[in-house]
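Let me begin by handing over the structure; questions about it come next.
Lettered A, B, C and D in written order, each chain numbered from 1.
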Amino acid sequence: MTVSALEVRGLTVQYEGLRAIDSISMTVPKGGRYGIVGPNGAGKTTLFNAMTGFAPIAAGSVTLGGADVTTRHPAVRARMGLARTFQITHLMPTLSTFENVMLGSLSMTGESRSWWRSRSSAKLSVANTSSVIEMLDLTAVADTRVAELSYGDQRRIEIAVAMATRPEVLLLDEPAAGLSAAERESIVELLLNVPDSLTTVVIEHDLEVVFALAETVTVLDGGREVMTGTGDEIRNDAHIKEIYLGAE
Amino acid sequence: MTSTGFQRDISVLVGGAVLAMAPLVLGDYWIGLLTQALIYGAVAAGLDLLIGFGGLPSLGHAAFFGMSAYGTAMLTTQANIDPLAAALISVVGTAIVAAAVAPFFTRLWGLGFITVTLAFGQVIWGLAVRGGSRTGGENGIVRIPRPKLIADVLSTETGFYVATVVLVAAVLFVISRIAHSPFGLSLLGIRDGEQRMTALGYRVNVRRSVVFTIAATSAAILGTWFVFFNQFIGPSTLEWKQSAGFLLAVVIGGRASLWGPFAAGVLLTLLETVLTGETTLWPMVLGIFYVIAVLVIPDGIVSIRSQLVSLVSVARGDQK
Amino acid sequence: MRRRTYGSTQRLAIAVGVISLLAAACGDSDSDSDSSEPDEPAPAEPETPDPTTPEPETPDPTTPETPDTVAEVETTDAPEAPVQEGPIKIGVLNPTSGNFTVFGEQSNAGIELYFEGIENTVSGREVELVFADTAGDPQQALEQARRLVDSEGVDAMIGLVNSAAALAIADFADQNEVPLIIAVGSAAGITLPENASDWVSRVSVASGQEEAPLGWYASTQLGCASAATMAWDFVSGNERAAAFGETFTAAGGEIGSEQRPPPNATEYGPFIAALDPGSTDCMYTFVVGPGSVAFFQQMEDFGVAGEIVPVGSGFVTAGILDTLGTTALGLVQSGQYTPSFDSASNAAFIADYSAKTGSEAGVYSSQGFLAAEAIALAIGALGGDTTDLSVVASSVRSLSFESHAGPIAFDENGQAIRDLYITRVVESGDGVVQEVIDTIEDVGQTWTAPG
Amino acid sequence: MRFWTFQVLNGLTSGAILFFVTVGLTVVTGLMRVLNLAHGALFLVGGYAGLATIEATDSFVAGLAVGALVSGLLGFAIRQAFATALLGHTFHQVLLTLGISFMLGNGILQVFGGTPRRLLAPSYLSGSVDIFGVTYPRYRLMLVVLSMVAGLALWLFWERSSIGAMVRACVDDRPMAAAMGIPVERVFSVVFALGAALAGLTGVMAAPVKGLHIGLDFEVLLLAVIVMVVGGMGSLTGAFIASMLVGMIDVMGQVKFPELSSLTLFAPVILILIVRPQGLLGRPLA
């Protein structure tokens, strides 16, 4: 049997007594497209934080390509191929787009340790960076400081930086949040075109986006798994509708 | 692209060459003063690696400068070790100390880091002041021999000055290489987005510790050199006001620009020494200078230029 | 990225530009002063061989020898340069900021007072004083000394009220071959045979010079059987306390608790508390300036003041004594100067000083005055000729004159040999004064108890 | 025994002084995240102002009032003049306030001269009393008692009064407080001025024990910073405990291991910062 790219078992995170997420389990096969939806405060981002090691895990386990990483440092998980984007843009504002993406590349190629040769001579990373920038069509803003860019561009860079690490598994935290319809279009477009080998898990508030991007979808509410199924199953479930109506 | 790196390296050499010419126009006093100023300037540049790139504002940098200075002084005067050997031992020793404390200190940032470095500096200062005959207490240590180099060039002010220019150029060169390397970029990344860098697979604290150690080591090298120039070392070199001086140089010069802090360090040293000679009001003037510096050029000398640049680019944008 | 690296290229270029410009600027201003100061670069050559020539003389520059060397200099140089070009430049190194400010101010005032007295002229040459603030810090003192010697081209340096600065500058004067006269800075090493320098003399005491006699005096004359010591924990503090203890025990006394507060401390409660008034007759104190104010106050607060007789080195005079007021009552001191010393010249000194500054003369102003007097007399003896600074330095050594504080002469290490005055602080009118209760004559750095 | 009784009392005395100096500093730092290096200078300014007043009016109380007032106003002026810079980068604050303290220190030197000054305790508090079998200065005992009382009073004000609540709210979460409609800016100004006033007041109170002289400002400042860090920024109770602790350590260290006094004083700070960055009772720094 093939090892799943990402496997989560009974994952639980506790903040002063209250359970932010409560024994969540999910299995994502290699190259799988997974979605997580749920109203605000459902625990979606906390789930990501727990997977990537930014939130303390009270119980459960996280397995990456067959290797248990539950107790590993976030940086180690990242180097093992677990990349993520952040819901609230987390970029290096004073650095240019190129430099931001370059940081992702350097981490992947291991050239980030070189302290003597100039950045430009980190050939692998430069090449990788250029290609990622091209792929996300950021060439125009490559040399601009991120702080000076539009929100739309920043969301793209957010993804670009994560992609630059050539991850096995990519966790996308509301990639389309706060974007105009057009921008949303292009992001979805872009995410549909990621290489098949790449496993993605996307959190979205906007159901349509999720259904477009994910084969399997888990619905969270109050930190608990409500149901898991295909887009259509979810779409036609009365209970889900009610949660969402409640939320909106 | 590599050509620009090459140009940068060249420019350091050219700069060094120009500075090396100074003795042709300057008298002994100014040569001596400039020697000291260059040393302090280079320390500021090293500190910029920590503050500007690492984002860690240290108020105890003088500790490392003074630690290796004292080490060299004690080894040469009390153990009669050859100056160069003593210098080597002190620098390595200081680097080890820095590397040992770095992992703990760099867990803090902002005010926490400022305070812990301040406290560390005070401990070192206290040990020097109360160190009895070993450190000479507040009397410090006199008659520190200079190394005997090719034809004893260091025995004359001019010879020592030229050697200093070479050393400082070398230090700046290395610092600037580090700053513009992938490692340097990762420091900027950590400064700007610690969490993101972790998510990208960077061990933030390790890198912070490394840059802390590098900055401390550069200070140590220059501290040892300073003691050779000065041939005296006293506790005031370890005072936290000294550290504040280095910090001021970095801020006035402009963080993460390296040359700015260097230039500011040089100019401030000259200014302070001249002021001290001219007026007993010098602490007042210095104080006013601190305040004005923060209010007028909070982003340092470099910002002036970059502001102009951005203005220009805006203008260009309009034309399109 | 390209922009970045380019930037740094230009930046470094700019940096270099700025500095070399500045350097050039300094260069001009300096080269002028060079030309106006021919004796600055010039002596370098003749001097370096010189020390070898006076060397045979200086081992015994006692009264017979050096006068003729001096005469020599005068006769040979008189025809060529009857009066040398330009003023005599004297560098004055004293703290006018930091913890020792009060001493520096008094010393400077004393120095000014002397030169005003001789209309700032020595054998027809104008005297120019160049003041420099040491802040009491040897490092800053060193930087200022470099300015005085390399930039101002002074013919001699005087001052230095604190040991740390004095030590550093003594070494500097020796290396740079500039005559130095120390006033107050008492580090013993400066004038010990092993590292005494022909260039350095001291009109004031070396650590121990006051305390050795004081220890003997406390034991034999004040009848103290046991004593405690309360001295700042730094080199000269320990030197002084040790010297006191030596002669005190030698004379049969016994040293009890030895307290070492940190220098410049303002809180002495812990150390006073460690004393045992019951078994302590007197206490040697070396706590000066700001410290002494707090110290004597706290002695009184803790009710120890009456129980133990405080004895100390003659540092509590002038401003400080006024500040201390009655808390210092009964303090017995041994010092080279006291305003109560009864002589016409001292009376004049005190009068002129208060006329000039509006405050009372004390040991610091007196020592400053003396240093000024010494350098002036030394250069005067050479007919104002300062072409050969090594001769100036040895001329200081050969001085022997009657000062406002009594007779003064120098030993072969440049340490002044002077009378010590034993004083006691007593009430007078609304304030307190020192009253001379004894005099010990011709005390040098080493002293042996009578009998 | 007698020795230790004395030393404990001495520890308490310097602890008491430390507490008064630090309270202002710690609240300002905790509240505004501003390390005010001019705090020591404000202490000294207050002290000299008080001295001048007492010499003129012969009233110790007047001296206390003027000392507090002068430093308070000065603090207020500083806060108003440099409002933005004070909220800027950490090292901007450090350099700005350091510059100010240089100016104030040198200003004092120019006005009052370098001669150290002595300030007598008021007659009704001078002399000494027998307590626990030792003779101890009345004034110092008064300081110890006063610090206890003041500590309690401040604590009550801090915990119970509405103003105290406001300040605490700002310390905890500035944006939240602002959202709740607390006039954060004004709170800042007031607290900054009060902190300065407290420093000035202490300058006068401490003078009869420590005396007044140039350079005292930085000695006091460093101690205050230590106490603040150990106690935890913005924590009153922490400041009180830390003051007494540091006071004791300082006294014992000086008497028992003089050559290590810097170590005994500063090493604990480093340890606490590393093990517990937020101090004994405080929130994380920066």
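Simple rule for what comes next: contacts are C-beta pairs under 8 Å (C-beta built on N, C-alpha and C of every residue); 3 or more make two chains touch, one makes a residue touch a chain.
A quick note: this is a predicted structure, and the numbers were derived from the prediction, not measured.
A simple rule picks the central chain: find each chain's mean C-alpha point, then take the one closest to the mean of all protein C-alpha atoms, which gives B. Centroid distances built from C-alpha atoms place A farthest away from chain C. Between the interfaces B-C and C-D, more contacting C-beta pairs are found at B-C.
The centroid of the Cα atoms in chain C and the matching centroid in chain D are 37 Å apart. The geometric centre of chain A is 50 Å away from that of chain D, both derived from CA atoms. Taking each chain's centre as the average of its CA atoms, chain A and chain C sit 74 Å apart.
Across the assembly, chain C contributes 1-2, 5, 96-97, 233, 262 as residues in contact with two or more other chains.
In chain D, the residues that reach two or more other chains under the touch definition are 106, 258-259, 261. Among the residues of chain A, those touching two or more other chains are numbered 99, 118-120. Across the complex, chain D meets chain B through its residues 29, 33, 35, 82, 85, 88-92, 94-96, 98-107, 110, 222, 225-226, 229, 233, 258-263, 265-267, 269-270, 273-274, 277, 284-286. Within the complex formed with chain B, the residues of chain A that make contact are 52, 54, 73-76, 78-79, 83-84, 86, 90-95, 99-100, 102-104, 106-108, 111-122, 125, 161-162, 165. For chain C in complex with chain D, the touching residues are 96-99, 101-102, 104-105, 233, 260-262, 264-267, 269-271, 273-274, 289-290, 293-294, 297-298, 301-303, 319-320, 323-325. Across the complex, chain B meets chain D through its residues 51, 57, 59, 104-105, 107-116, 118-120, 122-123, 125-127, 129-132, 240, 244, 247-248, 250-251, 281, 283-284, 286-291, 293-295, 298. Residues 1, 4-5, 7-8, 11-12, 14-15, 18-19, 21-22, 25-30, 32-34, 36, 129-130, 136-140, 142-143, 172, 176, 180, 230-232, 234, 236-237, 257-260, 262-263, 266-267, 270, 273, 276-277, 280, 282-283, 302, 305 of chain B touch chain C in their complex.
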